[in-house]
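As structure tokens, here come the structures.
Each of the two complexes below includes chain A, the first together with chain B, the second together with chain C.
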Partner chain A sequence: MIDFKGYEWVFWEGLQVTLSVGLATIPVALLLGLLGAWGKLSRNPVARLVAGTYTTVVRGIPELVLILLVYFGLTLALQDLASWIEGGASTVDIPPFPAGVITLGLIYGAFATEVFRGAFLAVDRGQIEAAQAFGMRRSLALRRIVLPQMWRFALPGLGNLWLVLIKATSLMSIIQLPELMRMTDVAARAVRLPFTFYFGASLIYLTITIISIVVLQRAERWANRGIRRA
Partner chain B sequence: MRLLKLAAATAVLATLLAGGAVGDEMRPVRIGTEGAYPPFNSIDPSGKLIGFDIEIADALCAAAKFKCEFIIQDWDGMIPALQANKFDAIIASMSVTAKRKEVVDFTGKYYSSPAKFIGAEGTEFDFTQGSGLVGKTIGVQGSTIHEDFARAKWPQAEVVTYATQDEANADLASGRLDLVMANGVALLDGFLKTPEGQGFVFVGDDYRDPDFHGEGAGIAIRKGEQELVDAFNAAIKQIRADGTYKAINDKYFDFDIYGD
Partner chain C sequence: MALFSLLERNIPFFRDTVRPALDGACDGVQEGLRSLVGEKSAVAFRFCDFVEGAWLTIELTVLAVAIGFLFAVPVALARLSRNPLLRWPAFGFMFYFRGTPLLVQIFLIYYGAGQFVAELKSVGLWDGFFREAYFCAVLTLVLNTTAYSAEIIRGGILGVPFGEIEAARAYGMSGVKLYWRIILPKAARVALPAYTNEVVFIFQATSLVSVITLLDLTGIARDVISDTFRTFEVWIFVGLTYLCISYLILYGFKRLERRLMRHLQRHSERTSVPRVSHAG
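Up next is the complex of A and B:
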């Protein structure tokens, strides 16, 4: 067994933060992704413009820059706004955890938009027309026909995003969030054993990935039930 | 417009929640530190912040009657976090530099780690600047302030450069060098306290030439908060005078890290 000089706990503490940031980001990203895909496929030109701008801007800016913008920039803007309204110095703050979840949610929501857009388009158009012929309204057709089938097409892409996301949480170390990478770094430098600790951390990331892949395979099998394989 | 009003109202509410009444209680001061730079600031196996910076900060807060709280922040985001009001002061061995002074204010130094020579125990050298160390070999890490300093002050010595400090130390241990010059703390922790460093000691003076070695480490404060700078400066003076500083200094270093 590798000797971590009494610092084994940093992995556990860091893992908890990494997983909570990752898991908390999923609903935000999925919601933004669905909204974004809806906007991009909408007949409304304003919705198309907003969704198009969102995915272009967010996918075009490095994650690290967005994190710094939200955590430091947005905080400063809020403080300026508050002191402008109230007069005097302000101590408004966006704590690291929500700042991290908001940023990662924004970023991965933009990527999820494209995954969902592709999945929507993959659902056979004839089925939607058939639903309309049955007298279903668009919302009902969406709920009963499109969404259940869309997951089948979206899951591989979303699973891929999750694997990238869980590693992107390590960027949160710059904003006081003690996630796995940051905790590993702190311990590695305290005892000057960088290789040992980074090796331990990479094993943990790898384990998360392997478990995720197994779960995703099951989910895909479930989503594909009743579908004949070609 | 409604959105702006909502945001404004939320911001005001957050301010009210955050900035409670202080009254005559001790002033709360949040201190940002890195927690990954031993022996100055690091985290021990139980998760506690330890190190020279931390003990000095505690002593300064006691002297200034501040109620201090430490916030651990990665080095890269340290100054942005100070500016975004995530904390009020940086005590993290931050060197005072002209570039940093453009964006934050600094107190006077609270330490200035000297450049020092190490050599074999019992050897004697003539360290006279300009004319001393004739024909002696001095090992330094290349492209550092120490290389520049050694070449400028002892032109008659042979200055040998290495890619890393460890290589210079190893060549001293094997007898190829007479002296090695580097930061005193780096030499103490990285060599003298290790098994390879047995039989070697600090020789000569502590060198703190502002032109080469800078002004030392200070406490960074947001611009425009002069009273906080003044309070920390007074506290530094006080712990220097009442012996608190020396007690902490001697726990970590066998030389005075403050300088004069």
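Up next is the complex of A and C:
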């Protein structure tokens, strides 16, 4: 076994924060993704423009730049707002955890938009027509027919997003969130064994990836139960 | 600017004529911008630095993609090989570099090398290589994109219809000729859309080299912000620059894709506007 000089606990502490950030981001990204997909497929040109701009901008800019932009930009904006309200210079600090969840949610919401859009289009048109023939309104057909089936088509794409997202949480170390990478960094500097510690951290990320892949495969099998396969 | 310093050291013409001309042009634009928008704009004030940063970003992308592609084809072939001595190392390499964050890989190579200074010195890899953030960045980006590209190429090779391979075998082709004439050209077409995404991804991923002190576009931005505190202006300018280059890369590869797929288009489609695919 690798000798971590009694600093094994940093991995455990960091892992908890990494998983919390990742899991907390999922609902934000899913919500934004559904909204974005709705906007992209909407008949309303304004909604289409907003959703299109959102995914274009987010997917064209590196995550690191977006994280720094949102984190420092949000801090500055809140600071200006606070000093405008209170009338004096005031300092605002956004805690890194919510800042990280908001930023990652914004980024992966754009990718989820594309996944949901594809999944929506993958649902058989004939079924929607059939729902209309039964007299269902668009919203009812969406709730009863499209949404339950969308998940099955969206699951592989969302699974991939989760794998990318959990690795992207390492970028949160740059805004001082004490997640796995940041904790490893601190310990590696203290003990002066950078290779040992970063390698240990990389094995933990690898383990998360392996477990996620197994769980996702099971989820896909579960979602596809009852579907005939050629 | 590792590439520039290499050129400067070895080609006098470059040092005496090209570099000063480029610098002069850049300074001219910077002066123009300053007089246009005034001293208040951090971007106009440090325009030359931003140009150098963007150059480093593009240089790292081109190096990583070019070298990574050269490595990726043999790794993909090894991954598909029936020989377990080839297959398992390729699988392990690809799994490790695809399953861990790039940031960890960069730290592992750049800071991690510091743990083995004596060993690296004894083989002569310390002073000219692992000590320099630039080479560590290139090495990490190459390893990372090799792993991802190999997976894409593997998918492309598996996507070649078996009938085509059978037909080629019936013509008596085998081994290298079968790969070179039938499998690889077809696999390239199958894999191209996914590979396009990988190039854009690695272009954006180069922004991570700023955390190991390199002054790429993101590194310059952080430097300028810490000098001027003009956070919004600088990040929006840099973000838009990344955005433009990302979509230029996408556009270039779309053109290439259309060229490679020419034989599949009917004549009427060739002249009409191509359908844009938004598939991630």
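Observations, loosely collected:
In this section, the second predicted complex is superposed on the first by the 230 of 230 C-alpha atoms of A that agree within 3 Å, B and C clash if a C-alpha of one lies under 4 Å from a C-alpha of the other, contacts with A are read in each partner's own complex, and residues count from 1 in each chain.
Everything that follows uses one rule, which is that contacts are C-beta pairs under 8 Å (C-beta built on N, C-alpha and C of every residue); 3 or more make two chains touch, one makes a residue touch a chain.
Remember, predicted model here, so these are calculated numbers, not experimental data.
Look at A:Ala219: by the touch rule set out above, it reaches neither chain B nor chain C.
In the superposition on chain A, A:Ile175 contacts chain B only, with no contact to chain C.
Of the two partner chains placed by the overlay, only chain C lies in contact with A:Val57; chain B stays clear of it. Contacts of A:Phe72 after superposition: both chain B and chain C are touched. In the overlay built on the shared chain, the residue A:Pro194 is in contact with chain C alone; chain B does not reach it. Looking at the superposition, the partner that touches the larger set of chain A residues, chain B or chain C, turns out to be C. Judged by the touch definition given at the top, the superposed model places A:Tyr205 against chain C, while chain B stays out of reach. By the touch criterion stated above, A:Asp185 is placed in contact with chain B and with chain C alike. Once the two complexes are laid over each other on the shared chain, residue contacts for A:Val123 go to neither chain B nor chain C. Overlap of the chain B and chain C interfaces on chain A comprises residues 68, 72, 76, 173-174, 185, 192. Touching chain C in their complex are the following residues of chain A: 56-57, 59-66, 68-69, 72-73, 76, 111, 114-115, 117-118, 157, 167-168, 170-171, 173-174, 181, 185, 188, 192-196, 198-199, 201-202, 205-206, 209-210.
Chain A meets chain B in the complex at residues 5-7, 9, 13, 68, 71-72, 75-76, 78-79, 81-82, 85-86, 90-93, 173-176, 178, 182, 185-187, 189-190, 192.
Chain B contributes residues 7-8, 11-12, 14-15, 18-19, 35-38, 42-47, 71-74, 76-77, 80-81, 83-86 to its touches with chain A in the complex. On chain C, the positions that touch chain A within their shared complex are 95-96, 99-105, 107-108, 111-116, 204-208, 210-211, 218, 221-222, 225, 231-232, 235-236, 238-239, 242-244, 246-247, 278-280.
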